[in-house]
Amino acid sequence: MYIKFKEVQHIKIIYLFFFAFPLFAQESDTLPLTQKFAPPLDVRAFDTPNDAGKSITVQWNLSPDNSLFSGYEIYRSEAQDTGYQYVGYMGRGISTIRDNRGVKDNTPYYYKVRGRTSTYEYSEFSPPSSSTSSSPQWYHKGKTNVLIGLPLFIFLIFWAVFQAKMGKPLFIRKIDGLDSLEEAVGRATEMGKPVLYVPGTSFISDIATIASMNILSQVAKKTAEYNTPIIVPNRDPIVMSVAQEVVREAAIEKGRPDYYNPDRVFFLTSSQFAYAAGVCGIMTREKPATNLFIGMFWAESLLLAETGNITGAIQIAGTDAVTQLPFFVTACDYTIMGEELYAASAYLSKNPSLVGGIKGQDYNKLVIFIFLALGTIFGLLGNNFIINLFK
Amino acid sequence: MNLLNKFMNMDRRWIYLITAICVIIPFLIPIGLPTYTTPPARNIYEKIDNTSDGQVVLLSFDYDAAVLPELYPMTITILNHCFNRNIKVILMSLYMQGIGIAQVALEDVKREFPEKKEGIDYTLLPYVPGGALVILGIGEDIHKTFPTDYYGTLIDSLPMMREIRNFDQISLAISFSGGGVSRTWVTYANQRYGANVAAGVTAVMAAENYPYLQTKQLIGMLGGLKGAAEYENLVEKNLKLKTRKAACIGMDAQSAVHIMMIVFIVLANIAYFAGRRRKK
Amino acid sequence: MRRAGPLKLCLIGGIVMIIQFFIPHRFSKNFFDEVVHWLIVCGVPALVIGYYSIFHVHWTKIRRKREGWGYSIIIFVAVIVVALIGFIWGVGENSVFMKIYQYMTMTMQATMFSLLGFYMASAAFRSFKARTPEATLLLIVALVVMFGRVPIGESVFIKLKLPNLVEWILMYPNMAAQRGIGLGVGLGIMATSLKIMLGIERGWLGGAGK
């Protein structure tokens, strides 16, 4: 399970990946040496793996007098015997440094290390390392497992979508929260009151917000059909722009272009609790018959849901924020939990391609489950072969 | 029965009133009950205590004023601990508002340690937008990401920063946050650069961080006021440091409210079952 | 046709970013930097749109004298006054602007956060009922954790190792549930991203252009 969790983290950073800055700064080595202390030994230098270049990793064996030192000074030179310059310092007990101070690619370097006490007494220098040069890499070897897993994931999704398009009936279990959406909109229509749609407090880069926009699309079609006003307060201007477009398109699709009112899909504030206060104010003033909280939420979740509960609205919440689920479950009538949020648009639209995607997700889950079970069994038997595949 | 019925349907404002009383009274009459220390809090304490010369502790104030009451006591206590042990500290924030809080925290702690000097014992870094990119920048070269400190002094000219280049020289990075920012630190600082990362989070977010504790991606965690109180007790016990224990005082109020809620929940269930039996 | 351009852009962008993920070379890094900078650049005009929206909503409210229009005036006054104070006297330490932040914004935000305590109490009172065996189990565990996370509970039940039991509950059953949900969410995020890239999921574009 641990491996899987890390794997998910890897996947999450798929769009967020970044590298080094070139560095420079050197100091001259002119300080006196003493022979009182044993030097560190066996200095190894190698090109830092899987990086953008201009970086060399240096490792050494701690001096037998390690406890007497405050740390180690690291020196670098382009010649083995002379010209060593200070490039860094590491505290006592640490035996690795990543040198990226002015390192040039494809230039051979030698390294020496010496111990330093708190009173600036020094050990002798270690013997120099063998020559090493840095270079950038074109492939990150640590991501091979992702490279293998990703096509498998995509293939299973495609396979399921293909099956669905061919007309194979695919079963999706009943999701009460989504089933009740129509009922909730219907109630607002009967009471002649608006529907409040809160698209979470995150940004458009959050997939939960995109999932929320997909659900808003379905909800707005229903409200447009019944001519029930929908209020969409936003915390982020980009989310607001998308939400405006979604509601406008839904209105056009239902043949009611005049239904869309930009003053009802608006920006409130970017401050988290000021936003919560603003939405609570809307609930108490306008008394919407239906409150929908769908997207990413943080600490404001209970403030919103409890205020809605006080005003007597029917409430449906949906989020993948695990810590906020208990609050929504407590204060709302229905809660769409975790991955159900991502299944919503397929569930509501019954579009075969979308339903196929959900099925593909299940196939992937099955594959992960098999690896989990095997990893657990082999791990308990003392064989970490499966676990190591994911490291 | 009628009484139970009334209790079940009581106006929620009575609950608010009783909650307020339970919060206020322990502040006026502190009880000072001892707090049990959990391993995640002890791990942070030990990591800071074992920080070697030449390394620093990085404190990232990734929160705004809203969660100040819950997170501020732990930031103060950890800063106290670092200064007491002569450990150099870098203060920063991924939130614009966090820098102001870091500044206030420094002023607070410097009353106890007036000898501590900017650039020698601590460095306050300015707000740089970018979130995860800032963490990645520190991983490569902190001097490039923050060319100056908060006061505009060139970072290269600060004595304590001369030998600090990246996470290699940072013994521990602690992110204090009310949201999920500690996860960003795990993903980038720990996963990418192998940095030691710990989290100080609001109680409601604590449960979410346990998976990272088990995988050692977080070396420790302080969860809400309880975590802060644990840390205050560790500092007081081991360093004989006498400071105002804001979190411990707050824990009395928390104890009272928890007991109140337990009593209310139990009574509500009794009333519920009594009502159900009557219906049958 | 209106949707074809954005969909193609989305597909190409997605594929490029996936490839970029596997390449640590500095070309890849520079490209990623550029994308992030564009993201920031795009955010600035969006903020203008956001503020236009808020001004439009409140201006319309004042103009039409809708219920509560007086509060809309307060919004305009607050924005203008605080901005002017910032421009005239600066935003440094001990400035009036900072005092407003410290003694108004901070306290108001902390007040909103503190409301959670009251709301939690009333929500727990209303909802924590042993209606089913599952709800009963949930109720018992909640009571144990609530009691074991405060000094009074720890002091009373220290011999029964209550704090250790609470730590165990958080470390194992809690985490198992979280990971189960987390796994589903992770797959959901990936599948949704893929469906958006391939144009299967179009709700975020307004749902048109099928």
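The first chain written gets the first letter, and so on, giving A, B and C; residue counts start at 1 in each chain.
Just so it is clear, a contact is a pair of C-beta atoms (placed from the backbone, for glycine too) under 8 Å apart; a residue touches a chain by one contact, two chains touch by 3 or more.
Since the structure is predicted, the reported quantities are computational estimates derived from the model, not experimental observations.
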Query raised in the report: If every chain is reduced to the average of its C-alpha atoms, which one ends up farthest from chain A?
Result: B
**Report entry** Which two chains share the largest set of C-beta contact pairs
**Finding:** A-C
Report summary line: Cα centre of chain A to Cα centre of chain B, whole Å, reads 22
Query raised in the report: In whole angstrom, how far does the Cα centroid of chain A sit from the Cα centroid of chain C?
Result: 13
Query - chain B, residues touching no fewer than two other chains - result: 12, 64, 66-67, 133, 204, 207-208, 211, 214
Query - Contacts with two or more other chains, residues of chain A listed in rising order - result: 5, 12-13, 18-20, 272-273, 299, 322
Requested in this report: Mind pulling the residue numbers of chain C that touch at least two other chains?
Outcome: 36, 109, 112-113, 116, 120, 122, 124, 126, 178-179, 182
Query raised in the report: Which residues of chain A touch chain C in the complex?
Result: 1, 4-5, 7-8, 11-15, 17-20, 50-53, 136-140, 143, 146-147, 150, 153-154, 157, 161, 205, 207, 210-211, 213-218, 221, 234, 236-238, 240-242, 245-246, 248-250, 252-253, 262-263, 266-274, 276-277, 285, 299, 302-303, 306, 309, 320, 322, 325, 327, 330-331, 337-339, 341-343, 345, 353-354, 357-358, 360-361, 364-365, 368
Report task. Sort out for me which residues of chain B touch chain A in the complex. Result -> 12, 51-55, 64, 66-67, 132-133, 136-137, 140-141, 143-145, 156, 163, 165-166, 168-169, 171, 178-180, 186-188, 191, 202, 204-205, 207-208, 211, 214-215, 217
Query raised in the report: Considering the complex alone, what residue numbers of chain C touch chain A?
Result: 17-18, 20-26, 28-29, 32-33, 36, 39, 42-43, 46-51, 53-54, 56-57, 60, 67-68, 108-109, 112-113, 115-116, 119-120, 122-124, 126-127, 176, 178-179, 181-196, 200-201, 203-208
Report task. Could you please specify the touching residues of chain A with respect to chain B in the complex? Result -> 2, 5-6, 9, 12-13, 16, 18-21, 23, 25, 70-71, 88-94, 96-98, 100-101, 118, 272-273, 298-299, 310, 322-323
Report summary line: The residues of chain B that touch chain C in their complex are 12, 15-16, 18-20, 23, 33-36, 38-39, 64-70, 100, 103, 129-130, 133, 203-204, 206-208, 210-211, 213-214, 226, 229, 251-252, 254-255, 257-262, 264-266, 268-269, 272-273
